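Below are the structure tokens for one structure; questions will follow.
The first chain written gets the first letter, and so on, giving A, B, C, D and E; residue counts start at 1 in each chain.
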Amino acid sequence: MELALPQMNFLTIMPETVLSVVAMALLLVNVLVKSEEKAYLGYLSLAGLVGALFAVPWGQKISGYEQMVLQDNFSSFFTVIFILCAALTILICDGYFKKEGCNHGELYPLILFATVGMMFMAKATDLMTVFLGLEVLSVALYILAGFNRDNVKSNEAGLKYFLLGAFSTGFLLYGMALIYGATGTTKIAKIAAMAAQNGAVSGNMMFLVGMLLMATGFSFKIAAAPFHMWTPDVYEGAPTPITAFMSAGPKAAGFAAFLRVFLIALPSLTVQWSDLLWILAVLTMTTGNIIALSQDNIKRMLAYSSIAHAGYALVGFTAHNASGVSGILFYLLSYTFMNIGAFAIITIIGKKGEANNNVQDYAGLGTKRPVLALCLAIFLFSLAGIPPTAGFIGKFYLFAGAVQEGYIWLAIIGVLNSAASVYYYLRVMVFMYMKNPEEDFSWVKLTPAVMLCILIAVAGVLIPGIIPNTVLNLAAISLP
Amino acid sequence: MDYILSLITFIPLAGVLLLLVMPRNNAMLRGVALGTSLVTFIASISLICEFKTIADYQFVENIPWIQAGSFQMNYHVGIDGISLWLVILTTFIMPIAILSTWTAVEEKVKEYMICLLLLQVGMLGAFISLDLFLFYIFWELMLIPMYFIIGIWGGKNRVYAAVKFFIYTMVGSLLMLIAIMYVYFKAGAGDFDITRFYSVGLDPATQTWLFLAFALAFAIKVPMFPLHTWLPDAHTEAPTAGSVILAAVLLKMGTYGFIRFAMPLFPDATARFTPLIATLAVIGIVYASLVAMMQEDVKKLVAYSSVAHLGFVVIGLFALNQQGIAGGMLQMINHGVSTGALFLIVGFIYERRHTRLISDFGGLSKQMPIFATIFMIVTFSSIGLPGTNGFVGEFLVLLGGFESTLRPWTIIASSGVILSAVYMLWMFQRVMFGELSNPKNQVLKDLNAREIVIMAPLVVMIFVMGIYPTPFIDKMNPSIDKLIAQTKRNQVAPVAAPAGGSAVPVAPAMPSPPLGGHAATGGDASHSDMPAGHPALPPGHPAGEAK
Amino acid sequence: MFDNVWLIPLFPLIGFLINGLLGKKIKNEAVIGGIGTLAIFGSFLVSCGILLEMISRAPENRVFEKVVFTWIHSGNFKADMAFLLDPLSCIMIMVVTGVGSLIHLYSIGYMHGEEGFYRFFAYLNLFCMSMLLLVLGSNMLVMFIGWEGVGLCSYLLIGYYFHKKSAGDAAKKAFVMNRVGDFGFLVGLFTLYWWLGENANVWTINFMEIKKASHFLPYGGVVTVATLCFFVGATGKSAQIPLFTWLPDAMEGPTPVSALIHAATMVTAGVYMIGRMSFVFIKSPDTMMVIAVVGAATAIFAATIGTAQNDIKRVLAYSTVSQLGFMFLAMGTGAFAAGIFHLMTHAFFKACLFLGSGSVIHAMHYALHHAHSHDDAQDMRNMGGLRKSMPITFITFLVSTIAIAGIPGFSGFFSKDEILWQAFSNPYHGGLNIILWGIGAIAACFTAFYMFRLVFMTFYGDCRISAKAKGHLHESPLVITIPLMVLGFLAAVGGYIGLPKLIGELFGGIPNYFELWLEPVFEMAQEYGHQYAQSGGHHNPALEWGLMGGSVLIALVGISIAFTMYVKNTDLPGKFTSTFPALHRAVYNKWYIDELYDFLFVNPCKALGNFLWKGFDVLIVDGMVNGVAAVVKGWSSAFRYSETGYVHNYAFVMAAGTVTILGYYIFR
Amino acid sequence: MLSLHHYLILSGILFSIGALGVLIRRNAIVIFMCVELMLNAVNLTFIAFSRYLGNIDGQIFVFFVMTVAAAEAAVGLALMIAFYKNRESIDVEDINLMKL
Amino acid sequence: MPEILFFSLVAGVAIISSILVVAMRNPINCALSLIMTFFCMATLYVMLDAPFMAATQVIVYAGAIMVLIVFVIMLLNMRTETSKNYVHGVLVSCIVAVLTLFVISGFLAKSPLTGATGNMTPELITKVGHTELIGQAMFTKFLLPFEVTSILLLVAIVGSVILAKRKL
């Protein structure tokens, strides 16, 4: 028996390859770099990310490795999100980890590996690749969440994330197994074909339950209620830059896989899963927003807000029409900017040991550091979905998608939720602008890297908010 | 001149950018802000000059903006007789507002001026938008600066007021957003041009819901009873300029929204909900007047009086005839001028005494004669004394209401005429008349030059509009005619043409209203007994077009 | 000349603007007063010119409309700033400008040295302008400007001494009461406009156009509604039941104000308005009845109160209310010309009386001031015997009192007698005629009584102020007495232009010039009136003579009672009050009407306002808003406990969620 | 005859027991072991399917699952050690610094 | 028939030992029970014609992973759980588990095997050899996942070092 190598299309995994190689190289370089100069690793990894960006074969649609992965606009779009997410995170890492005293060089490779995992999730066309990408991402995130190993909160975040993540992996996997059993394949295109050809498949309870279990698994990853419970704790405990990373990238990756699998592989169950997502969306938005109202810790508040945002994106998913899905893409991209932007500011406002992260600690920021406060305000307004920010445009598309499909009530619940969410975003602004400063924020150091990060984020929030054409069109042609 | 509207709208934005890069020199910052607003005002004067008295939108600019997916949003702006005056009002009030807190705001002057100018951008944008999406953007854009103005430079309870204002308004407008999307999808592929939406024949049931969504947003903004409670708080806590702008322009967004969007878009629903809306408006008038009467805080009193005044506007608009709408429009402008002036006045005494409680004052007339005179003029303008602007609007509103089906409502609303006199004069008496007993009041200084300069244009406007309102009304007449025709035609269309067989339109709950009064008898416009000098029916008259 | 009618309101406006804007800078009282007086005097001259021209024209050419500019034009509604000249408005402008000029002149003396002298003259000018707009307006809206304008000016003038709380209260009360009337006026206007437009396609508020279209109007029905609304307006302005209480309080203003506003001009607006729209009113017999009854009731009611007041101006105020009641009685019985005639004569003698009382107060004030006494300068109980120190004032005052009391030969007699006769003989009100006449006659008796009581208490007997003050009493300066003399003269002879036919026949058929003059204005009214008259006017000279004699007799009875009580037997009033203490208290306290209104309207309104604010607005409406927020926040703080921090709980929720989802899909 | 369903039901039971263990145990390591049990149940499903479908993909999947389990074990135990260093406990009751 | 008997035996042991995993108080006992379960699994794999997987199961799971776990248990010197604080939790969780069982068996009994069948018959497996088949697939069709697992393992190694190394 001879080994017939399959068609590989190395091009399809170019960005991942570049990043992996850079990451591995960094692991080696790390040994040579003194502990106070680990920032260089950051710059190198940024270079690697830029390289990966250039390695993306834009506009091509190539399947590779026996349909394990598919390079298309969808994956390119997400790749951009992931690279941006990683890059922005890396920009704020150095300062933070130096402050916390744990600037180990392994941080950067881990972020890059996590990014690789996310990229695989976005371009996976086989449940196996989805699973492995997810695991690469998860394992890296478990480590990153617990990265500040001398900080018990960080330990706790890592451990909690790990235990619950592993638990949810079980469900996801069980779902995949059942799908495999029902269709005899793990390739999403073939799954869809099987279900389309064979009524017995799509009518098979096993198929349905597999879908449901996978939905729960993905829901965990995107932090949809009731699988969201880990989010606040982990976000609060994880090092702030990592929280920023986790809130944007993996959520997007989760959505990428979720979308690809459900839209491509399971169109025969659309009725069932859109019903399910309807309920999940409502639960998620409401839970996130309601609980966020009474949070004092700003990281925790943003964690709940990120739950709520997953809910908004699920609204678009429920609609699963062109505007809904492209809305999700657009929204995830904007969310990356606004959330990492907000976290970047939180990172530098925070003191050593994750102190100074309460809303009250922001009193008077508007007076003492007006520019910083303005930027945070922009991010928060964008999160609240107020024009002219990208957050608004994204929400508009999501809800418009729902309205178009006749999910009026879903859209109404969504907007009511947005209105409620305004309260806690405004609360931060109340403290920033409307309270007298108690501290002078002299410890806040704006390194060029952080400044660059915030600047990019502000631009990423405002420019697509005012002239969203380009990004929207990109999103529109990037449907899975 | 093709881009005059954009120019006017975005001059303040240029001012904002300039302010951003300026050093923190308060005098310079104030100067630049004032200069910007003045330039805007002067530029807007050209609108009046160039405005042709026709029903069409003018100065139209239509530039594709967002084209993605199934959506097409345009930067589509233009004004007609209805929005013209609101634009002018906005540019007119702005320099006054900036001047009003010239000295009162000492902290964060830069941010303050930026907020004011940004607010202006939002307001102007909302008035000139002909694209629903664009309108919504500007509509929301207004919230942010106003929120900060109340929240940062406001009074003791400012945070509560600011947040309440923001969320309250947000809830309504978000529901409107859903309705906008729905209308868009109903209209089929295309852009968000409102004139396109005017001709979408929606079935009455759909209209009902959409109208409610729109009406909620606008009713909150107006504000109509029982959605008004954000207003007293917001007004009381806001700095003077904030109150002035809030009263003069922001509240008009609600009524403007009704007339520009809710009514022509959903004619059947408008007909059906007219009684409800009118009832709320009337309750608002009487209720707010009674509540205003008992207020202890001058600013709160004025705030409640706003609710009552806006009730008149709503009645006028929903009368849906020439007089009613013209009156409503005039009343909007009047209210902007008079209530704006009242807030300025409250601001003056607050700046001097740092209290707004009526009981802390008394006998100020003796100490501040110029102030007393101006205050009195403004008070009477607010009461609606003939010869001042308030009267013309109020009278036309009531006349229009009386001619329409809203007659019973109008009669009750007319009693607001009495009540407004009661609460305004009682307040005036307690503040200005009586013994000058409080020693703190005995050292008050009369208005200074700046304050007189602020008030002068308003006082002039009070009389100009009261004595010679013709140019105002004339310019808006064709647009109003068109609007009425538009709304009326659609009201009958689904009944007349039961297209699709299954269309059993829910008949409007009201008998087909003889709005416009003589529409029923308008056929024989050349009645022999028509006295000489009686105005001939205007060309675009509904009676003529309905046939 | 007619074309220049716009000058009439313009002059006072100019005067107002000059004094109002620059008065503070001018400071010189003579200049300010001069400007004010000249402004209105200029109007008077123009009015004279118009009167002369009108006399020279044929009766059918006496109507003229002058459009100055279009004020409001919206759709089918058009209101011009336009003036209407006809015999009626001609009389009115003569009265307003004439009496107004005299009062202005008087004010120069009376207000000498007052703080805000310029303000006063500005207001007076503004007032005259408003009144002139009111009478000249060719449509209801211009009339309404004046209508509200006089309300405003009365507010300003009554509140002239704004530092006095009572003045402020009175001013506010006046304005609000007037506003109640204005509300009626507006609704009436709307009704008429809408009905005529809707049913006759005559969209107009122009008086002449309405007159032309009045044949469309039905009898009763909507016209009753409209006219009743108008009448409410009239009661507000002319201080009739139930809206009269502001007028006595309005005496808080300086005395010339009382003379101008509350005697000669503003309060007659209601009468004038009914006269102006007689062609509409006549179409509603019910309204006419109401007007007559209200008029009669007011006449007697106010007269009773007048008998017990001690404040000299208050007596006059109630007298005014009572006299206005007479005028409304006349209007209500269709005797429009008689009503207007009484309006004119009343303007003369009441202005004279007020100015006379002002002169007295002025003198008293001066005297008391110099004697450092804090006695009330307006209280008649402090006066007495002033005829010696103030002869001119006394004589003019006496003449006017005789006139108002209805002694033959003086103007009041002719007009009042005409009214009483018409009330008795009018064809409209059937059995009510006698009662109306009876009430009128009794009111006339009261009038004679309290007016002479006033005279006797003030000018007769012994001076009741301290001797020290007495020495300072002296006659007022010429600038005050000249207007008094002119008005006294007019009060005496003004009635001769409207000689009753009966008397005219005695002197060789001198016609009633006044009625002839107004005939074109009211002819239509007359015509309509006869359409529903049960019987034609039963003109019986003997009866008329009898009634005339009766009314004279009644007046004399009143005078003699006053003479008995206040000159001959001065302890009688005290005895009377001690015999009927309750009655006296009730009358003295104006039948507790103010208290009743407070109880019925003011206090409930305040309570309601307070409740709506604190009970409803804050608790319920805002409470609901905040309640929603609180509920959401409550949920929030409740739900946050779902985040227990325990991994197994989280896992449990996940598992439970999964099981629920699976269960739902498997077993549904 | 031994059928697929026997295996499936067995794996279902094992999965449930594993899940139950996650829910009720307090020791983090035991919880992790229960997770491993769940994964094993899934593995059994995969292999059973693979056998009855005549398709080897399921077995390959199991192979990867094992790798993942190993990786997770390494990371998870490292996390537990790190946590233990700070808190002297790996009882999940003690993993509750962050809540509400 | 004997197949079923054998299956029942193995399954019974697997279930009982897995219950013990959940029920034993001492973590070491749990670990040992788990190893027992893993062996049962390996047996079942053999029954399912997947000998290679059985071997891997024993080597990777029972060998590597469980050794690691036991090692850590020892390292952390853990005793039995001192108390079971959350009886209610146990109760509720048991209900949930029972429901889960109910749900799973409910649908599994109903669902047929509908997937596309392949050519990997037991005969082929015996003929070619399981290991070879797996190896072939792994390095051809499943090359990419295989490579990805290497990254995964690298990450895991780096992570464990970072997290657990005494001194960095």
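Following the convention adopted for this analysis, contacts are C-beta pairs under 8 Å (C-beta built on N, C-alpha and C of every residue); 3 or more make two chains touch, one makes a residue touch a chain.
Owing to the predicted nature of the structure, the values given are computational and were not obtained by experimental measurement.
Chemist: Which chain has its C-alpha centroid at the greatest distance from the C-alpha centroid of chain B?
Modeler: It is E whose centre lies farthest from that of chain B.
Chemist: What is the chain whose Cα centre is as far as it gets from that of chain D?
Modeler: Following the centroid criterion, the farthest chain would be C.
Chemist: Hey, which chain is the most central one here, using CA centres?
Modeler: Taking the mean of all protein C-alpha atoms as reference, the closest chain is B.
Chemist: Measuring centre to centre with CA averages, how many angstrom lie between chain A and chain E?
Modeler: 30
Chemist: I'd like the Å distance between the centres of chain C and chain D, where a centre is the mean of that chain's Cα atoms.
Modeler: Result: the chain centres lie 96 Å from each other.
Chemist: Based only on mean CA positions, could you tell me how far chain D sits from chain E in angstrom?
Modeler: 7
Chemist: Hey, how far is the Cα centre of chain A from the one of chain D, in Å?
Modeler: The answer is 25 Å.
Chemist: If you look at chain D, which of its residues touch at least two other chains?
Modeler: Each of 8, 15, 18-19, 22-26, 28, 31-32, 49, 53, 55, 57, 60, 64, 68, 71-72, 75, 78-80, 82, 90, 92-93, 95-99 in chain D touches at least two other chains.
Chemist: Touching at least two other chains at once: which residues of chain E meet that condition?
Modeler: 86, 89, 93, 96, 100, 107-108, 113, 115-118, 141-142, 145, 149, 152, 155-156, 159, 161-163
Chemist: Note the residues in chain B that touch 2 or more other chains, in rising order.
Modeler: Counting only residues that touch two or more other chains, chain B contributes 167.
Chemist: Identify every two-chain combination in which the chains touch.
Modeler: Every pair of chains in contact is listed here: A-B, A-C, A-D, A-E, B-C, C-D, C-E, D-E.
Chemist: If we count contacts the way the header does, which residues on chain C are in touch with chain A in the complex?
Modeler: 629, 632-633, 635-637, 639-640, 642-643, 645, 647, 649-651, 653-654, 656-658, 661-662, 665-666
Chemist: Per the contact definition, I'd like the list of chain C residues that touch chain E in the complex.
Modeler: 648-649, 652, 655-656, 659, 662-663, 666-667
Chemist: Would you mind writing out the residues of chain C in touch with chain B in their complex?
Modeler: Residues 24, 67, 69-78, 80, 141, 144-145, 147-149, 152, 155, 159, 162-165, 167-169, 171-172, 175-176, 179-180, 182-183, 186-187, 190-191, 193-194, 197-198, 200-204, 206, 208-209, 212-213, 216, 605-606, 608-610, 612-614, 617, 621-622, 624-625, 629.
Chemist: Once bound in the complex, which stretches of chain A touch chain C?
Modeler: Residues 160, 163-164, 167-168, 171, 205, 208-209, 212-213, 215-216, 220, 225-227, 229-230, 232-233, 272, 276, 287, 290-295, 420, 423.
Chemist: Any idea which chain E residues touch chain C in the complex?
Modeler: 86, 89, 92-93, 96, 99-100, 103, 106-107
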